[in-house]
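Starting off with a structure, shown below.
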Amino acid sequence: MKAVAFGQYYPANSFVHRLDPRMKLLFLVAFIVAIFVANNFYGLAACAAVLVFVIAFSRVPFLKVLSAVKGIFFLAIFTGAINVLFHTGEKTYWAGPAVYWNWGIFCVSQEGIVFSVFLILRLLLLVLCSSMLTYTTTPVSLTDGIESILTPLKWVKFPVHALALIMSIALRMIPTLMEETARIKNAQTARGANFESGNLFKRIGAFIPVLIPLLLSAFRRADELSDAMEARCYKGEKRTKYKKLRFSWRDLVAFLVMAAMIAGVALLRVYLGEIL
Amino acid sequence: MTVQELPENAIEMRNVSFSYGQGGFCIQGLNLEVKKGEFLAVLGHNGSGKSTLARLANGILMPDKGEISIFGQVLDDKHLYDLRSRVGVVFQNPDNQTVASVVEDDVAFGAENVGLDREEIGRRIDFALSAVGMQDYRYATVSRLSGGQKQRIAIAGVLALRPDVMILDESTAMLDPKGRREIIDVVSRLNREEGVTVVLITHFVEEALLADRAVVMNRGEIVMRGTPAEIFSRGDELLTYNLTLPRIGIISKRLREGGMSVGDTLDFEKLAEEIARCVS
Amino acid sequence: MRIVAEHLTHIYNDGTPFAAKALDDISLTVEEGEFFGIIGHTGSGKSTFVQHLNALIRLPSSKKHFHKKRLKKGEIPPPATVLKVGDFDLTDKNTDFYALRRSVGMVFQYPEYQLFAETVKEDVAFGYKNFYGKGKPSEEEVTTAVRGALEAVGLDYDEIADKSPFDLSGGQKRRVAVAGVIVTKPEVLVLDEPAAGLDPLGKQEMMRLLHEIHGSWCKTVIIVSHDMDEIAENCTHVAVFEEGRVRYVLPPSELFQRAEELLSLGLDIPLTAKLVSALKRRGISVDCDFTTEDFIRKVLALRGGGA
């Protein structure tokens, strides 16, 4: 009945959506590297330009993407404020005194302000590019991608397959367990349970009549599921895999964009140097 | 074992006993043959041991005593996986049988487990989904489906292993009438058209009417055997095993007790026919 | 308590892309003392409706509702939503919802999965203590209430009260769960498929229990069910839900005369109704109320008249 917007996936059939999840994971890593390689505003601007470009091709509305920033709004402000107060430096970027205000260990300087702005921008870019991954990739295909990337670890006896299966079952069961929680909560509310008032201690206590049935049900489900898996011949080894991820021309394009971005940001770093 | 046994019996249980450990046997000295290609209904009240039967038939549980053969081959540790792929089980709760979020990934699970190659798995998915009438849901999210649809996916997941026998362990118990009809339609078609041997474990006595043969379980033993009609003609005995007659059986019995000579039929059109004959 | 719903609409996730209309302008009255049945497909809105009855789903308060949509000039305002359970006005956000929930008991599907306490007694007492109001009930009061409730569902207090609810059989667990709801002696008892998953005798037993509870503990009983035979045998009135609307509210004796219409909605009809229409096709009319008893009596009487 109630739609569960898990993992914030935004359904669309865009260029970005259809990229191989491994390519998207790689792109995300490269993007994060680029953000940290960039040591001047031009570098960040280049990253931002790439991001805008990606968003445009993903058909996810800009406002939707920006809403991802809401969650870290206060963190960003806080980080900025701390850095303004603690960062000291003599560089000037505009007419006026290099240091505006000084009190003990606190000081507000031109360099501090610029540095803070730079950090906040980095943080925002970081959050935006990560959320682009979850907006355009279903949890299922993300799991497939992670499994595929981890495959080489099989050589060191790391149970990649089992890990992937655990992730897959968890994803499958989350909506079921959420529905179940709502159902049990309703039933106990009907019996007069109160989840909304009282102090913190009381409220946690109020959840016991929900938690116990939920746990019991999860164990029961696990039991039945393991029977069902066994009945379908699961033995944990000598399995094949139906779904195979395949790189396409799109992934090549994405790879080139990624390479260009890294190269560009590196060049900007070398030729323009640290603006801070 | 003789050569003749092979085509005869899909499942054969000889003197099988099983207990979960604490006090008393759950299955006791049970003898049962399931003939190849037949549709067998297993009736019994809750706790009569019928679900344990399903888990024994596919080696999820191993009997304490006695012997179980699948197509003449004794079910033991050595042949476990081989035989398991020939006897599929669909369980009760539609939410507790799927491992993947997307329909096709889940249907592929069993076929992946036995190590088939990709092309073959693809073909098996096509076959299994169309056999349960869910071709259009190949890329659907499992958790958004109805109970009946989820259960059809569970059947497809078993079918992808191309089993010769399909056991439904109260697979209709948690469904609404529509979902129940969907499942019964699918399994009777599989039985008729694909020649799959079906063992339908249920406490809905009405569902047993479709079977070729039925057995009744009570306290871990089989206490009645026969065609559904034969079994339902022994209504009083059925009651002692905590089962009831199908409603139609109750009505025709009451009419007979009232002095109307209607036959012992389980089909309402026929009963109406008989009533019409009696009153005109 | 009389239950009156008028122009009741409910949309899940209203205002989001996931919006789904579950109830569409429903009007329905349940008189005090009825054994009321609600039937319909999964997703027809019946569960959403019953969850309104004890405010598990709350209505937006009437004033807010009025202001939500500014009316254009000359536009007729939409009819006001009414939802009353006895004297409780559920459209008023100042209603005492605790008192309401005490008076309207709700048994969900598979209620045995909501048991949580260490002993049967504690579990059944949960609702009693929650609804006791100010102060704490004395040990004696609790014991008396729990004993009464357990006995009402046909269980022996002395034998079962100190057991863990998880050690009971499936049928016993379900009865304990029902006892945990009726322990406050609600005037209205709502049950969502009380017999689901039980074997045939368990089902009969559950329906028998509900009739006993109906006669003594709870004035009004409302059951949501898929089992048409169960409905035909037991209910005083039946509401048929279809895609968020109420198609019919009739006594079973009238409802199942519309066999064709029900079948065209994809719903089942009771066996007696199937037989009645099969006989009708053969030129024999049986005028019964679709209970097994009445059907048999009328059919046997036919023979007398026809002979």
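For clarity, chains are labelled A, B and C in written order, and residue numbers in each chain start from 1.
In this section, a contact is a pair of C-beta atoms (placed from the backbone, for glycine too) under 8 Å apart; a residue touches a chain by one contact, two chains touch by 3 or more.
Owing to the predicted nature of the structure, the values given are computational and were not obtained by experimental measurement.
Between chain pairs A-C and A-B, which one is joined by a greater number of C-beta pairs in contact?
If we tally the C-beta pairs in contact for A-C and A-B, the bigger total goes to A-B.
Among the chains, which one keeps its Cα centre farthest from the Cα centre of chain C?
Chain A.
With chain centres taken as the means of their Cα atoms, state the distance from chain B to chain C in Å.
Each chain reduced to its C-alpha mean, chain B and chain C end up 32 Å apart.
If you average the CA atoms of chain A and of chain B, how many Å lie between those two points?
46
Could you pull out the residues of chain B that touch at least 2 other chains?
Counting only residues that touch two or more other chains, chain B contributes none.
Would you mind listing the residues of chain C that make contact with two or more other chains?
Only 43 qualify.
What does chain C use to touch chain A in their complex?
Listed in rising order, the residues are 12-13, 16, 18, 20, 22, 43, 48, 51, 54, 56, 98, 101-102, 105-106, 108, 111, 113-117, 126-127, 129-131, 166, 180-181, 184.
Show me the residue ranges of chain A that touch chain B in the complex, using the header's touch definition.
139-140, 165, 168-169, 171-172, 175-176, 220-221, 224-225, 227-235, 238-244
Residue numbers of chain B touching chain A in their complex, please.
Touching chain A from chain B are residues 55, 58, 60, 81, 84-85, 88-89, 91-93, 95-102, 104-106, 108-118, 121-122, 125, 142-143, 154, 157-158, 161.
Would you pull the chain A residues touching chain C in the complex into a rising list?
1-3, 5, 183-184, 186-194, 208-210, 212-213, 216-217
In their complex, what parts of chain B are in touch with chain C?
Residues 45-47, 146-147, 173-174, 176-179, 203, 205, 242-244, 247-248, 250-251, 254-255, 258-260, 268-269, 271-273, 275-276, 278-280.
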